[in-house]
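Both complexes below contain chain A, partnered by chain B and then by chain C.
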Partner chain A sequence: MFDIATIAVIFAIMITLYRVIKGPMIYDRVLAANAIGTMAVVLLVLIGFEYSRPHFLDLAVVYTLINFIATIAFLKYREKGRLD
Partner chain B sequence: MQEFIKEQIIVRTVSKFFTPFIQLYAFYVIAHGDLGPGGGFQGGVILGASMILYVIAFGMDEGRKRVSQKISDIFVSTGVLIYAGIGLLCILAGGAYLEYAELPLGSHHLASHLGIYGIEIGVGITVAFVMITIFFETAKKERKK
Partner chain C sequence: MDIRTIITAVFLGMGCFFIIVTSIGIVRFPDFYSRLHPAGKTDTVGQALVLIGLMIYEGFSMISIKLLIIVIFIFIASPTATHAVAQAAYLREVRPWKKKEKK
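Here is the complex of A and B:
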């Protein structure tokens, strides 16, 4: 069950990767990269269940937080030209 | 000024809401370093990331009000001092450097546990404030350009 879901999520990541590479605007790319980050979190949780290692949930939460901060920082730098 | 605040209201509200949870999670990661994944370094990075999020949302001046240059300099040294202090206490208690089991805290198991705990806290403080300092310096350089 979990392995089928894992393969499906990997396939979804590949489709989204197309938008990151091809995306006409930078906002498409940022949004797609953010979506890939979210799907990577799901992938981490699924792999954690697959190998029955619940500690992977901790890593997934960390990845969510850092992904959120990275997206906001990138967009701010893009808009204002500085980080603060 | 008023329009400037209105312009960023979503980012500011969300980051204000998220910052305490990120910090709580950072303390969880530091405290559970010997049981799960994580430890002092990882928890410190998350703790620094919460402050970086605050500075990104509210600007550098507002962030410097929370963590001034002086405070961050003091805490960067304090973490190293805790680490080295625990190591030297182990030597004074008759063991090698960082041999926690020799600390006079009851049983060897408890002493080892508490020693690792103290080390993690020291590493966490140093890493968090070094991350904040690196971010402030980078942002200052970008601002001057």
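Here is the complex of A and C:
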């Protein structure tokens, strides 16, 4: 059951990666990368349940925070040219 | 097969459906502002269905509390990030897509 869901999420990530590579503007790439980050959190949790290792949940929490901070920081750098 | 496994399978199936719909929508939609719409599907209902299904499978423990924390944080933070992307694109005057006139 978990392995089928894992394969489905990996498939969705591979489809979304097309927009990251080919996106016409930089905002398309940021949006697709943000979506891939959310899918990667789901993928981490599913892998943790598949191999019955609950430590992957901590990695998923940290990855959630990093994903949000990375998107906001990249947009701020793009808008103002600096991060301070 | 008990009833809890069946409920978990239904939740996982619906969540994976929404995640795959997100990926297809991001690739297929014509411009940036319309791509914001499928990107919000994984951020809210897709991940929430998958992780709530896993919470039902696990029962009440520390693992399900961590899953609930992940669900609540993504539910608040990821639409905020999507809004920030849209606002940045709007301030840079990205023009919306229009249907071509038929001649």
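We take it that the second predicted complex is superposed on the first by the 84 of 84 C-alpha atoms of A that agree within 3 Å, B and C clash if a C-alpha of one lies under 4 Å from a C-alpha of the other, contacts with A are read in each partner's own complex, and residues count from 1 in each chain.
Heads up, the rule we're going with is that a contact is a pair of C-beta atoms (placed from the backbone, for glycine too) under 8 Å apart; a residue touches a chain by one contact, two chains touch by 3 or more.
Keep in mind that what you see is a predicted model, and the values were worked out from it rather than measured.
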Between chain B and chain C, pick out the one touching the greater number of residues of chain A.
-> C
Please indicate which partner A:11 is in contact with in the superposed arrangement: first for chain B, second for chain C, both, or neither.
-> second
Is A:72 touching the first partner chain B, the second partner chain C, both, or neither of them?
-> both
After lining up the shared chain so the two structures overlap, which partner does A:83 touch, if you call chain B first and chain C second: first, second, both or neither?
-> first
Based on the superposed arrangement, let me know which partner A:21 touches: chain B (first), chain C (second), both, or neither?
-> neither
Given the touch rule stated above, what does A:45 touch, chain B (first), chain C (second), both, or neither?
-> second
In the overlay, answer first, second, both or neither for which of chain B and chain C A:61 touches.
-> both
Intersection of the chain A residues that touch chain B with those that touch chain C = 58, 61, 65, 68, 72
The answer for chain C against chain A in the complex is residues 5, 8-9, 12, 15-16, 19-20, 22-24, 26-27, 32, 35-36, 39, 42-43, 46-47, 50-51, 54, 57, 63, 66-67, 69-70, 73-74, 77-78, 80-82, 84-85, 88-89, 91-92, 94
If you look only at chain A, which of its residues touch chain B in the complex?
-> 55, 58-59, 61-62, 65-66, 68-69, 72-73, 76-77, 81-84
Sites on chain A touched by chain C in the complex = 1-2, 4-5, 8-9, 11-13, 15-16, 18-19, 25, 27-28, 30-32, 34-35, 38-39, 41-42, 45-46, 49, 54, 57-58, 60-61, 64-65, 67-68, 71-72, 75, 78-79
Listed in rising order, the residues of chain B that touch chain A in the complex are 11, 15, 18, 22, 25, 29, 36-38, 42, 46, 49, 52-53, 55-57, 59-60, 63, 135, 138-140, 142-143, 145
